[in-house]
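Labels for the chains are A, B, C, D and E, by order of writing; each one numbers its residues from 1.
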Amino acid sequence: GGSDDTDTSNGVEGTDDTASEAEESEGMIPETLVIGFVPSQDSDTIADTIEPLAERLGEELGIEVQGQVMTNYNALVEAMGANQVQVGFIPAFGYVLANEQYDVEVILKSIRYDSGTYKAQYVVRADSGIETLADLEGKVWAYGDQGSTSGYLFPANELMEEFGYDTAAELETEFFSGTVQSGGHDNSALAVYNGDADVATTFDDVRTELEEEYPDVMDKLTILDYTQEIPNDTISVTKELDDEFVQKIKDVFLSFNEDDEMIKIMNEVYNWDAIDEASDEEYQVVKDTYAKFKDNIEL
Amino acid sequence: MENLILPPKPKNSLFKKIKVIVITILVIALYLWTFTSIDIDWGRAIERALNNFQRVIPRLFSPDWSAAGEVALSMLETVFIAFAGSLMAALLSVPLAFLAANNMMGKYLSVIGKWILSAVRAFPDLILAILFVVAVGPNAFAGVLAIAIGSTGMLGKMFSEIIESIDMQVVEAMQANGANKIQILFYAVMPQIIPEFLSYAIYRFEVDIRASSILGIVGAGGIGTMIIFASNNRNWNEMGMILLAIIVVVTIIDFASSKIRNKIV
Amino acid sequence: MIEFKDVNLVYPNGTQGLKNVNVKINDGEFVVIVGLSGAGKSTFIRSINRLVTPTSGSLLIDDEDILKFHGKDLRKLRTKTGMIFQNYNLVKRSNVLKNVLAGRLGHTGTLRSILNLYSKEDISLAYRSLQRVNIDEKIYNRADELSGGQQQRVSIARVLTQQPKYILADEPVASLDPPTSHQVMTYLRKVNKEDNITTIVNLHFIDMAMEYADRIIGMRAGEVVFDGPVSEVSERTFEEIYGRSIREDDMRGGANES
Amino acid sequence: MTKENSSLTPKKVPSIYPSRTKKQVTFIFLVILGIYLFSMYWTQREMVGGIGGALGNMYTVIEKFFPPNFAVLPALLDPMIQTIQMAIIATTVAAILTIPLAILSAQNVTTFKPIYYVTKTFLNLLRTIPDLVLAVIFVGLFGIGLFPGILALVIFSLGILAKLVGETIESVDMNPLEAMRASGGNPLQVIWYALVPQVLPQYTSLVLYVFEINIRASVVLGYVGAGGIGLILNQQLGFYNYPNAMAIIIVIFVVVIIIEYISNKLREALI
Amino acid sequence: MIEFKDVNLVYPNGTQGLKNVNVKINDGEFVVIVGLSGAGKSTFIRSINRLVTPTSGSLLIDDEDILKFHGKDLRKLRTKTGMIFQNYNLVKRSNVLKNVLAGRLGHTGTLRSILNLYSKEDISLAYRSLQRVNIDEKIYNRADELSGGQQQRVSIARVLTQQPKYILADEPVASLDPPTSHQVMTYLRKVNKEDNITTIVNLHFIDMAMEYADRIIGMRAGEVVFDGPVSEVSERTFEEIYGRSIREDDMRGGANES
């Protein structure tokens, strides 16, 4: 085997919810920084590599940086919990989980279309006659999966509040006549397009992704409404990292905003226009929503 | 031959008749239940297929050659992961297989062994992979470990079946020589099982190449990540390229391994 | 010397394999046991090296009652009795030499044998045994590349390598054609005479038994129904062993087939 | 005897294996070891942390799965039933399609070489495709739902089943077939009378084995939205409801064990 | 009538299975073919129903050259020649009746036979055949529940059900012990005499051949080396068939084993 034995890594100590804010000073600086990247499904195209970014970051930080893409954020959350990954590019919901489980902290967020937030949309067939959210009663609802912020959590939360349901299960069975769990935003939209469902909740705007295969998608599907603002993807770090080092990472990322080449890379692969500072509070809205669902998400 | 002599009717016991009838009814009921209660709109599915056929299939068959380099690299990594993983599994499963074989261990020990193997097999690959990502980080080595453990269950089961099927007469002949247990293991048992062991291990290697495609989901290396991205981006040309790579590689390995297997058996 | 004293053997399922067997076999004898299928021939032979254990009586070998043997004693007993099987029981995928060397397992330490560290003497003994049954040129062939007769000769060589005091052979020629059978029997008798090894052989065929044996033991349903030198075998003996008036039986169309 | 005794000088004592075999075995062993070491190097080259805290890390995670939350059992009934139904349909279809394919890919029955090779190649191709890829493609073709899941399972298990049944056919006792032919039976009669009874028990047990595989495979299908218990497992993991996920895993395990048990009983009854 | 005219058979690997065979077998004869392993006995017999195809010469059965037969002709030929095999070749998992009815396959339509729709006549015929070999009480047993001799009798019943004109038997008793062998041979001869079915049997043992045959054909290395009535068989014949001076050979220790 060729395991380079770094003595610094693997800080498992205190992973559980012991008051973690206190022990700042003796943080660690790894010999190799590992970045985990879970691409947000709420995006038109997603990249399968993080190589250029990792390289650049390594140059700036002066240490080796390794990037790894995964599509399952359980893996990332757990890996950050074990400090196998120190920096994560995590969608809002994933961040909330990581924060709750392992005190992972958000330091930055992505800016897309000049905004640090985005919205989810309700998609219906143009000829369906559905004009308001209230018209959705008794219809079939398509969503990607229940772990998707824009595809499920936010719209579900909104509808529950608006129409007075206490649990998601009630919403699904009493308000709607049925649901289709499609596995992805594009599949949800297609379910509506194909008539398997009446409304789909997706990111904004899923239709552009489908245009190539389904040229008439823009005409056949219209947007009924948008949800409230959802915070964008985060860049988060594990609590074991040294504070000064974290600050350095932060600075490097922020400096990318001035670097046209880097912005271009980010935009091409992740649709990011810029990077901005972020704090945990901004994600409170997601936390609240998650808390509401966590226990009553019925199977 | 006017008077035909007919044989007596078979006298099946009433119990047996009832058993047959009950089983038949159960099977029919099972199918009725399945087909009536399953939630599939067959007509729509077919219509959908006809619509989508044009969108997906032609693009699958025109692979995206620009991705060839990247695909090849991922595929290579997949092969390495599968190789290291299956070899590890092959070694791990040997002691478990002996434990589970009822002609080697006592009846009770072998039941325990079989349970261990079943339990190992029950764990979904993905969760194993997550566990190993946690253990050693998101890299190919986590994939190797996940493959190794995942395969151990299946290989151990197959190995133990091989051990159970050996010619025990040879074992008896060694006993009759005055050989002790360990000598019998090396002289009578091992020569009988080694070729099959190798052949199954090689077979498992092929299976693992396919199985390791799932590992990419958790960042444990290999071609899986590309599969998921190609599917999420509806990039069927790239999927075509990936498929081509898998088919070519598995076919080559299939061919080589059947040659090797013929040699050793 | 082997001595059966009132030996009985009842299998767990209740079949009586041996019934009041009293037999004494002297050193250097060549004894053939004949009998129908299921008569108890194999049970008789396998009792001698304790592959099966009689349920009552006593079985003395060199004046020790082997029915009480365990563990180490048992392995020692088996080391001094060589056994030849109907199906040769060679390890098909090992080569001839390795199969023959297996005969030395009882004389070799575990570690040495696992590492294939046989002494020069052992290897030379194995090779000489192969020469004695004229099969030395196949030394590196895999056992499954040999014909039946050749395999049986290898298994004789294996037993010779063991340098046993007794050789037990359970239908050594049942799978062979007549000329090859004669070859194998000839070798067995040669070994018996040259090395003065007491040899006990099971056979189906009484005519072949007559040709090679010093002494014949006839069995039927677990009992010894005849025991005497070849010269005493008569038409009546034949009938006793194979059931009364065998020819008639045939003509009746097998009313009492097994 | 004299000849034999004289031919033995200690020098001529042979070694246990001919030296050529020894060399070959050593060579093959070294090659495999080489590839293995290289694979280990390659796969570990990105590894950063070492494996020091590995077990501790794993334990931290595993702990979160316990105790399993069996309160969700009632809610698992439906998706589990769906999974079983998917597996039943897929296994049945695959079992039927297997029959002609297996016969055509058995060298001893299909003596007409071109057909044999075409079928064999087709089956080999089928087997190369990972279940994940199949699921992804069928979801692309048919949209989401049980149907693409079933199709993926059919194709996936067809590859395995046809190969195994084909091998079983290749290993049957050919003598009865010859006897049927010798008494004037045509090919169909020969297959029906001499082949089918010999293969049937093995065939049944392989079908049941594939059924078990299909139940497991449906977990994979869930990742891409192709229905069944896998979908639920995936979702519970996503919500960090690990105790629920553990309950699901246990349910799958129990179902598989039950199926294994039933199929063992059936196999015993058949053989 | 069966007539071999200058028949040669060379196997694809170059082995000469038959060499210039000229033999004429008349209707109703009971012919036994003897010879060593590999002599070509099976090849001879299997040529007659074209399980193997001679490479030159002509083979006339009822005055038709069967070497030219294909498809339907061939099945018709096989329908009128019944065959008995050394290993019985029963379908082990089917019951006795079903095995015996398989003898009627050549006379039954495909669909009927697959659906098990045999006529009453066929079933009665099958049952009667079983009675003739005294095994009718095992009618619903699975074939693998029977002993070797019983299985061979079922296979005789299968052939009887086929109502063939010729019976070919390829070492029908090689797997059986002597008393059972005699039973089976007795049945074969009984059938031969009662139904006047020409019967050709391969045997290893010349003594058994002498006991049952009308006529003996000796083969060696693909050639017919003896052909004549039992009365003409002498010690010399024996030597010709089994190779010169067989006993000496044995003693030499098998210098020319297979």
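Quick note on the criterion: contacts are C-beta pairs under 8 Å (C-beta built on N, C-alpha and C of every residue); 3 or more make two chains touch, one makes a residue touch a chain.
The structure displayed is predicted, hence computed values, not measured ones.
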Based on CA centres, what chain would you say lies at the far end from chain E?
A
A count of C-beta pairs in contact puts on top the pair B-D
Between the Cα centroids of chain A and chain D the separation in whole angstrom comes to 36
Return the distance between the CA-based centres of chain C and chain D, expressed in whole Å.
45
Centre distance in Å when chain A and chain C are each reduced to the mean of their C-alpha atoms
78
Give me the residues of chain D that touch two or more other chains.
40, 44, 46-49, 51, 57, 60-61, 139, 143, 145, 223-224, 237
Touching two or more other chains in chain C are residues 98
Per-residue overlap in chain A, given as positions that touch at least 2 other chains:
34, 68, 72, 74, 78, 81-82, 84, 184, 194, 196
Just spell out which pairs of chains touch, all of them.
A-B, A-D, B-C, B-D, B-E, C-D, C-E, D-E
Going by the contact rule at the top, pick out the chain E residues touching chain B in the complex.
97, 120-121, 123-124, 126-128, 130-131, 136, 139-140
In their shared complex, at which residues does chain D touch chain C?
1, 4-5, 7-8, 10, 13-18, 21
Within the complex, chain B is touched by chain A residues 34, 36, 39, 41, 45-48, 68-72, 74-76, 78-79, 81-82, 84-85, 184, 186, 194, 196, 209-210, 213-214
Along chain B, where are the residues that touch chain C in the complex?
167, 169-170, 172-180, 182-183, 186-188, 191-192, 194-195
Complex interface listing, chain A residues touching chain D:
1-6, 9-10, 12, 15, 30-32, 34, 66, 68, 72-74, 77-78, 81-84, 97, 100-101, 145-147, 180-184, 187, 190-191, 194, 196, 293-294, 297-299
